[in-house]
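Each of the next two complexes has subunit A plus one more chain, namely subunit B in the first and subunit C in the second.
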Partner chain A sequence: MSPLVRVPAKTPLWRDVRVLKWVFQLAVLGLFLGIIAWLYNNYQVNIAKSKIPTGLEFLDNPASFTMPGNDFNQSSPVWSAFVQGFYNTLRISIVGTILAISLGTLVGMARLSKNFLVRMVAGAYVEVIRNLPLLVLLTFMNLAVVLQTFPRIEDAWKPLDLFVVSNRGIAIPWFEGSGTILLSVLAGALLLAVVIAWIRGKYSDRTGKPARGLLYGAVAFIVVTLGAWLTLGYQWTLPFVEDRGTLGGLRLDPSFFALLVTLVIYTSSHIAEIVRGSILAVPKGQGEAADALALSGPKKMRLVILPQAFRIALPAIGNQSLNLLKNSSLGAAISYFELTQIAQITVGNGSPAVPAFTLTLLVYLSISLATSIVINVFNRRLALVER
Partner chain B sequence: MKKTVGIMAAFAAVSLVLSGCAASTDAEPAETVAETATETATADTGSILAAVQEAGVVRCGTRDALPGFAVLQEDGSHVGFDSDFCRAIAAAVLGDAEAVEMVDLETADRFTALQSGSIDVLVRNTTWTASRDGGEAATFIQTNFYDGQGMMVETASGYDSVSDMNGAVVCVAKGTTTEGNAALESSRLGLGWEVRPFDDTDLLQEAFLAGQCDGWSSDVSQLTGFRSAYPDGADSLVILPEVFSKEPLGPAVLDGDTEWAQVVNWAILATIQAEEFGITSANVDSFLTSEDVTIQRFLGVEITTDEGSAVLDPGLGLPTDFAYQIVSQVGNYGEIFERHLSPLGLERGVNALWTDGGLMYAPPFR
Partner chain C sequence: MKLWIRRNLFRTWWDGVLTVVFGALAAWVIWSLAEFVFVTGRWSIIEVNLKLLLVGQFPEESLWLIDGSVIAIAFWLAAALGGKPQAAEDRQSWGARLGDTLQRFGLLVALGVLLIVLAGTEASLGIAAGLVGAIVVGRAVNAARNRWAPIQRIPAIIWHLALLIAPVALISLTLMQSDVQLWGGFLINFYIAIISIVLCFPLGVLLALGRKSTLPIVRLISTTYIELIRGAPLFVLLLLAGVALEFFIPSEVAPGSVFRAVTVFTLFTAAYLAEIVRGGLQSIPKGQIEAGKALGLSTVKITFLITLPQALRNVIPAQIGQFISLFKDTTLAGAALSIVEVLKVSEAITKQDDFLGQGYIYEALAFVSLLFWVGSYVMSRESQRLEKRLGVGQR
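Showing the complex of A and B:
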């Protein structure tokens, strides 16, 4: 060892950054666990003291209430009410998310339009809706639009005799027969369309010929649905007024309608801003490159800008779809039978409050986490692989 | 190599220290548990009664917008039948009818408020049912109003009877026994009603005004109240004759505190007994000199005989003059009824005294 090299003195433990980091991390962890343990103990003691029931036995009691629009009745067990509420929450979330993303994308693109009027209208829409509290918007939609603007059932609007619109709901023409078969046919057709589009994409990658995946997919979808239609003998039924309600067709509950419209316009105003931001975030050079290739305006948007903007927008839009799911709990305020409403009603009918709401909380959490996982997987696949 | 050993040693040392910490953090809550448990035990033997007497106020769970039963006034006070029973309890326990803290509760929260101890007594139009007695940790006591569920429709609708209402939309308040009763009645009569629950009665009334509902179903007493305050006038609504459920409404207290339950029970019973004796808030003082021994006992008047003086203390933990305080400050059952419910057009009906063929009956005060 050369005398010129200075041997560093051994760092004492209490000054060793690596050790100190560990110590602090573990101390914080210990403190955190301690607080959790303390809170949990308090909970246990207080629950025992206040005699609040904590079991899940109530799930097997008869629910003793009914829901409009399905065969759930007052003898069904409480758990089946929760299942129905779960289903209704999913229904409004899925339909709402699809509509909100479509509307939001359109509005977001409109905000970047070269047409002054379109740009201003889209801007006003976003700024007004985005700055309103959701519950106020929902209550307004229910009280002012559904209750007051829509006619009474006696004077229901019947545009073209296809629809029946009143403040007791909106009935639309629908298929007669099993909803499950219908859904499986649609899902199957959609799956087939996606697979065909994917194969076309691979083919295009190999040969360099245009993929036209959308066209091929749409044709496959239409052929399959039409084929099923003819072979399975589906029929339209038209809604008509009977007694104090409607029969036939598919009836959308007024609260479903109010909640759906509110969630869609509210969420779309947020998505519009995400879409606008994402389009602007695509590097300028990409647009110029598309111009250099002499791509037409729509083609430039569809083939160059939007795919890259989508990549940027995906995590934020995923977040908005989660928000929509969680916001659907506001449906309880206008008596849409989603999870929160079910929890409130079962509690009012004798189920213990703490377990019922804990269950509700866990259901929301699992739907949200499952959605996040799907979004994350998508995101990972779509993210640019950077080196 | 040396370094690794050093780090590992440090880690071991740290984890030793930490496990010590963890043990102590574990131990601490355990002690707190023990402490809280003993506190609870003493609180239990001390009863809610002791806590109320110490606090000098009765916390009464009530509601804010039910005409006749409890309506929140602009100055923050509550007026109504139920509110007066809250005052009667305060008059009995504390000698001051105004020593009440009215806690407005949503229907869905009322039992949780009782269970968690944020109220002492629930007087909020609550129907006594077996599963509430059993599952909600509530003890129901003397019913102060016997009610039943009915149906209100627009006069113009032309309905004369509940069985006319085929395929109707029936609107109810959310989270009550009303929902289940309406559903049951619909399936019993095979009428296929759509029962729509509403978050609160203001929203229900909006929907009813807009024609979203054909029927408004609730306890008849409530319907009478809503009808009297209906924006289009009481005559535009009619309450159908059928009553299709039993709704005994009364105060409820937390399970496991018999002393407090008895106190609240006898406060209610005193209003009924006072009416039976004909003692009102106006004439109660003249009864203080009554020669009737049963009245002397009831009002807690000192009975002077040759052997000395005596006063009846039933041992409820209440002041001996609790009935006097209730009647002088709040009134008897009939007065409370006439003050709040008669103006709505409600008849005494089954809520008359047993001497008049009703159900109001108090055990003897002796």
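Showing the complex of A and C:
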């Protein structure tokens, strides 16, 4: 019996898939390293030609610019400017994310309202904002609203005498001088409320009695806050106009206000779409089951639909909060002193561009990575385990 | 009607409160918008600066090249897209088709009419007539392709290349006639977006394939690139390119600001596109690949003939969404690289002697917003339509 096809004893090298795979990979790696080496070589040649430093020594030089509203001055080192910028970026991102998620959730729910007018207004809001460039919105908010429509400080708007609104910024009532104590008390009270709500939940699981976690938590929160108020007695102040400026309260820079409002509006229109999609993605049977149990509309939403929708929406909302962080770099376009603006100014003042911007990018990258790790941990804990 | 009002506006007392509040809000917004557009808006600033806003410093004597390019592109779109022969039962009446077209492109037509009114010249009427003519001829050519046997026999590639001759020739001629650095206004936004889309597409697809590859080194390189770019703000990348791009290329090449912008937009969008295409690749059932293997196709053939075409089709809406955001992000090029794109122009014209310090920023920004809004809105609506027609998620 002779074989129909003669099989060669060994596959030749040029047809062996294992060899080919490695050859291909090495070729790609070579190409990649080649490009990197070419870029690096160009960089070295060009740097040597123009005698620009490549290290991070510039961070110790004096910054030679000032920022309003803090003790940073001309002779402070560049690194402290970066620290201040980092702080400002974090501040606007955190406040912005909280507000954007709240507003976005409301608008997303409104888009599914049974009320025709509510649905239409929310829909128009989302469709208009989502299709406009962020920078156009920001320019509008900064140039048209804050700098032009807001009155001069002499005839500032004072709604309810609680706020002072002018083109020098917005001043709101604030716990002046005791901000840190207040924040720590609030954080402690919140933590306590969460712990109590959790204990109530466990108790309810064990005994079958209603948990009322929210009620107990809220009571604990109020008791702690009021108790701290009475014992520590922190005062708060109302802003008032004094000599072409405001005193008292907390003053928000016009650029901070414009950037914050723009980021919140823009991001909330995207979050609204995510929330809407997630609510629609909750299986219909869940809503029908809630109806069958005779839960009221708000209860059905709060106890059945929203928790499940939130689980679906979490990764996408996390992405949006990262987008908000990255979009806060547009503050540089309206002179809000966040990280990018600081980098731009220091480069303008003679710091080497490549190290300064690389540093900036690394900071953004590490905030992004840290945030996405947190989101992933949450997501893994919340995700449905399916078998 | 009464029932509808009851059901939709006054279901409960709380619903009634909402209706009143939101009704007042909506009425106020509509009223102030109408007042702004028809009464208080001083649109002379747009009329005077229309050319600056649309094409910037583009040389006057070569403007016909731009008009010609726009008309040629309209012809190409009308001739090359859509128009699959429909089954007899879904063929609509002429009236229904006209209504459908108006619903799809009514906004664009309205914008065109508005531009003609603002321009107020006979030339603009000529352009409009040219556009209408080009679209009619384009649809006729498209219909001929679908109905007439001799034309049907022309292979698709040759057909589409032939249709592209006119627009490509006119655009190349425009590019040769004038320096891109002189371009400005909406033209430069459009140009940067289109060039970046064309360039980022192959790179994005390659990165997606690399990230899904079974080869570890290729996967590592693609993943690192994608994650690094996605963690960086576009604005910082643009600023970096503005001051540092010249360090990374041979010093004989002097990069212009448009070159810098296109480089950044391409590299940036490619990373996002790669993630979208990866999603598409993951949506392909394993059976498709196994079927390809059963037919004895090589990995390359399976990828380019089976998985990739389906993957790209499945994520068309997401891709268009990414391109829309690229189109919107071109405004950043003005702030970061001092390119005189339309937003920059709109700020600059409020500082002209005639308009300085009189609060013309509302009118200027309203016009820019309108341009971007109509463009993005029509594109996103079309992508939803396309999604339905392709039956994504239903097959």
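Brief remarks on what is shown
Operating definition for what follows: the second predicted complex is superposed on the first by the 336 of 387 C-alpha atoms of A that agree within 3 Å, B and C clash if a C-alpha of one lies under 4 Å from a C-alpha of the other, contacts with A are read in each partner's own complex, and residues count from 1 in each chain.
The criterion applied here is as follows: a contact is a pair of C-beta atoms (placed from the backbone, for glycine too) under 8 Å apart; a residue touches a chain by one contact, two chains touch by 3 or more.
The structure displayed is predicted, hence computed values, not measured ones.
In the superposition on chain A, contact of A:Lys299 is made with neither subunit B nor subunit C. Within the superposed three-chain model, A:Gln148 lies in touch with subunit B and with subunit C [touch as defined at top].
Touch criterion met: A:Gln344 reaches subunit B and subunit C at once. By the document's definition of touching, of the two partners only subunit C reaches A:Thr360; subunit B does not. By the touch criterion defined above, A:Gly245 lies against subunit B but remains apart from subunit C after alignment on the C-alpha atoms of chain A.
In the superposition on chain A, A:Gln74 makes contact with subunit B only, while subunit C stays out of contact range. Using the contact criterion defined above for the overlaid structures, shared-chain residue A:Phe65 touches subunit B, although it does not reach subunit C. In the superposition on chain A, A:Lys202 contacts neither subunit B nor subunit C. Of the two partner chains placed by the overlay, only subunit C lies in contact with A:Pro133; subunit B stays clear of it. Shared interface residues of subunit A (contacting subunit B in one complex, subunit C in the other): 26, 42, 45-46, 49, 143, 148, 332-333, 344, 347, 353-354.
Those residues of subunit A lying in contact with subunit B across their complex are 13, 16, 18-19, 22-23, 26-27, 30-31, 33-34, 37-38, 41-42, 44-46, 49-53, 58, 61, 64-66, 68-69, 73-74, 143, 147-148, 152-154, 167-168, 242-245, 254, 332-335, 341, 344-345, 347-354.
By the touch rule above, subunit A contacts subunit C in their complex via residues 21, 24-26, 28-29, 32, 39, 42-43, 45-47, 49, 113-118, 120-121, 127-128, 130-136, 139-140, 143-144, 148, 325-330, 332-333, 340, 343-344, 347, 353-354, 357, 360-361, 364-365, 368-369.
Looking at the complex, you find that subunit B touches subunit A at residues 6-7, 10-11, 13-15, 18, 21-22, 25-26, 28-30, 32-33, 36-37, 40, 107-109, 111-112, 115-117, 129, 131-132, 135-137, 165-169, 174-177, 179-180, 183-184, 186-187, 194-199, 203, 206-207, 210-212, 214, 254-256. By the touch criterion given at the top, residues 7-9, 11, 15, 18-19, 22-23, 25-26, 215-218, 221, 228, 230-237, 239-240, 243-244, 246-251, 324, 328-329, 331-332, 334-336, 343, 347, 359, 361-362, 365, 368-369, 372-373, 376-377, 380 of subunit C touch subunit A in their complex.
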